């Protein structure tokens, strides 16, 4: 998988309120956080993690990392992610919400050209239950299991994870692609990671109105020869058109992204769509695996 | 090889004096030129080749190309090369000399990130004797043979090719990396192409003072387990320091790039350096292959 | 945030994009004077919504008196929920052809994309559906934006003569500079006209500014709530993401997806949501934010019952519980409140709410069913 | 092209980089007045070459009289071939530490590269050799250039206190904007001083402008031959790439590599080249250009024999031959000319030259040996 027990993690923005709080929770979960960065706070420690002024110093002093989790505030996040990219960190989880669109677009575009994986921005991150957590999800709702979850929203994916966990199916891995209009990963790319993951047997796609990520995934999925079965849930059936529902991504416009279009595309590709989150486990079980 | 008999070629700047002249010579040599581009000249023809206003139209109307040869004047060359890159042409030979450095740097950097090969700028191009020519070298001095030539200079490489041809060794492929300080390919990358080429048995490196391309190649070469033997020639032994000798690349500075440094690096890596061009064939033969 | 047409056109002119001669008017009298000066004109309602033409927001006036009459009608209107307070009166342009040009973000390729069409004046969604062959889309690296080949490609596709290419280049370069300088999500000229002398002129202008970038544009930031209803505006001013809906069950959630899913579940169980309210704002939902959110809904007369659905990640349940409790205490409202609470410090949160006598659920379906029941007159 | 220090510092100031208070002087009297005003100062020769300090081009003056004397000495000097015509008199700065900062092109990675060092005032080549651990190099995408993390990384590496980071950010952002706005190959501050109040100040300034971009900078373009000898200048004005050398065999080649190889071959056979002259200039060597080149060498008294080595790619041999012939005819020079000719239309070229009674070779070694022989007094 994209990350595991041995993934060495850097936390950027570690001394901030959120950064420090979630560093503690990640450490408790077993995540191997080897260093933190906050400009101007070099030399201090946060929950026992050494803090450096720059990514370069953090890498030099700790022998390198595999991933970074970014909690840096929106106005400085572009620069922080660029710093991680230019220091050759290959996986960057950007929790930060509210990054200016053009900066988000630029850094995501550039990272992709450089072969760097960005999860987010505006994501709860990713979790491999029982192994590691790079993000902010409440880990106690993620029991190890066989279902991979990919989601555009944060809290809604916790709900899904909880339904899977209490149903006994459990979660093999969960990745929040992020709620912004531009994200480092789309459902196709995340699904391809899941195909490679031996622990994953089923996949749940948690979508929402706006954009055409779900439609593009449906099309891609229907063309695949080998697949792991997918069940979807789409939020926003009751939302009005042309209104932005919180997430910048969740606006229906350009003739794209309404609930019906997504459900139609998914259903026609053979992906059952749950009417409510609590129906997901039974739909999965109904796939007869 | 990077190009061959079947390579479909676009010529950008085809209606200009040089573009048109060399299109004729390339066609005579057998190069499969399928389209040309000159903005505002769409609809005309040059030596029977259809001319389009834009690369996009040329690709649509001719079913795509594998390579482009660019003769566009220096002030417009950046935009023309970008047009080729963004239209997904995977091999771009930039003959143009005198492109502003920052534009050259930007386009070469970007092409590399996109996986596009740029030969040049400021290059005579490349030739696979008996198959195809994407450039401006006088083809009659290139007899098919077993020696691959990689060179920073133009006319000097013709001289080398002629010496190889008249000695009976002949040329398997010749690539001019270009005389500017920033080029799409360096000697290491070109040599790796030569390693893959079944027709190539020996390699001649034609370097010159300035920069550290030769030193970097020497270091790389000495670390290789499997290699094809290399003979080098370096121009500029008699040139004074800190003077720019024509090529923007050929200036000795930053403690790098003087004749002795290059010869030392090459020799220590087991690459014989010819004192004059006419010694190259006998040095090659002396390698006892 | 969407700029008004006249604001966008002011920007266009500053970036070398030609627009018709025009005057911004607030009264029928001003419109009369404008037409007296300009001659045959078009009068356009300045509202931050699309589709105003069909809604009577665009009219032609041949005489000052006609302008007076039409302006009076328009200024008394509401278009898609927006009161018409400003008109743009523009000299009529002799048009030989209408085109479409825009620059926006392409989500799929994570690029900027220039879109152009041989057909203008039609909404791009409709064009994409009905005349896809009239459209060209050119992705461009967001660090590079404009380069002249883009202008040649578009001009050549549209079939403009080579003399016009320089003008196209200036306009497209302008779109990119506007996008960067104003942090726009979309800059659109629809229609872009070829006038009778062969020159290009922007008949309409649309600029959507990225809300996340408004901190860099203090002059625009103060306009940001203008397209909202007054109810939405007061919620946004408190820092919530809020959308008014026409139902009767007040909804508070944390996270946009979860809040939408809660609305969907209300409909599934036969109820109607009164609103979308996401208390989340980056750093999680603090006690005060929750309190303000609950107050807002308790004080909304349309709301029969408040449903709070919190699944905590960054959000701490004990803080949420205290916020709910204080809102009820401070307003003294007797309106029923149903709470679904999961997450960090859940036990403590549940305890606080139970002690305050509220309905607390762990299962979201149960909570929603209960709220719907109550809204129909079922007891608390 | 290298800007003079005072020109570079003018640019620095415009981009928010602090420099010492100073006055540009043309006479000892002006220097005296400058020091009377500024107090203890440093007097620096404004020449477009490096290493002027060792050559006596930098002196300290404590008094106006001392300034008068030192300026007089300096203004009569030539430093590495450049006459000293201008002096920069700058108020002495109280320095607590000297650093190095630059932005340039990294050939190997095809990137821009910021270079910084804890040690300033030493040439970067020497630093790289002797104190590599004092240096940090940060590559950056040439579309992105500066971003604040670069300033933090450099400031933190150098060990500047966090209060100074903002200043470092301003300076590094300035270097990138200067590079872009002036099409520079190198922008260097060496030394960058930390003054006694802890602020950063550029004690020296170096900007190398890319010759290929001078067309965009007409004000700089007119300065472009300033660093050349008068012989070189007149050749460059004719459009040739020309470098004066101290030998006696005039060399004309097409292409820089071939011309250098020809020079090398002259030395190999025991001769000394008088110059480097590349007739190539993009579009190949036309008849008129060759004629001008041959004339230039025929008229140079140091040149005993002219050796023309053309291996034609874009260049056509018949045109070259006509150019050589016309130059001899027009100058009426009796100086021997040896021609090596290969390439497009070679037979025609050879015929023309043979008919004019010139020595023509196909083999370059033969041609060079012949030219060396003639230069030593061997017959034609």
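Think of it as A, B, C and D in the order they're written, each chain with its own count starting at 1.
Rule of thumb we're sticking to: a residue touches a chain if its C-beta (ideal position, glycine included) is under 8 Å from a C-beta of that chain, and two chains touch if they have at least 3 such contacts.
Since we're looking at a predicted model, the values are computed, not measured.
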Chain whose mean Cα position lies farthest from chain B: C
Interface with more contacting C-beta pairs, comparing A-C to A-B: A-C
Chain centre separation in whole Å, for chain D relative to chain B (CA means): 26
Centroid distance [mean C-alpha coordinates] between chain D and chain C, Å: 57
Whole-Å gap separating chain A and chain B, where each centre is the average of the chain's CA atoms: 45
Numbers and ranges of chain D residues touching at least 2 other chains: 141, 143-144
Residues within chain B bordering two or more other chains: 110
Residue numbers on chain C that touch chain D, as the complex places them: 141, 143-144
Contacting residues of chain A [partner chain D, same complex]: 39-40, 42, 53-57, 76, 78-80, 82-83, 86, 110
Of chain D, residues touching chain A in the complex: 138-141, 144, 147-149, 152-153, 156-157, 162, 165
For the chain D and chain B complex, residues of the former touching the latter: 50, 105, 107-108, 110-112, 124-126, 128-129, 141-143, 179-180, 183, 185, 210-213, 215-216, 241, 243, 245, 253-261, 263-268, 273, 276, 278, 280, 282-284, 311-314, 342-344, 363-365
Sites on chain A touched by chain C in the complex: 17-18, 21-22, 74-75, 96-102, 105-106, 108-110, 112, 124, 136-138, 141, 151-159, 162, 179, 181-182, 186, 206, 208-209, 211-213, 216, 233, 235-240, 242-248, 250, 253-255, 275-278
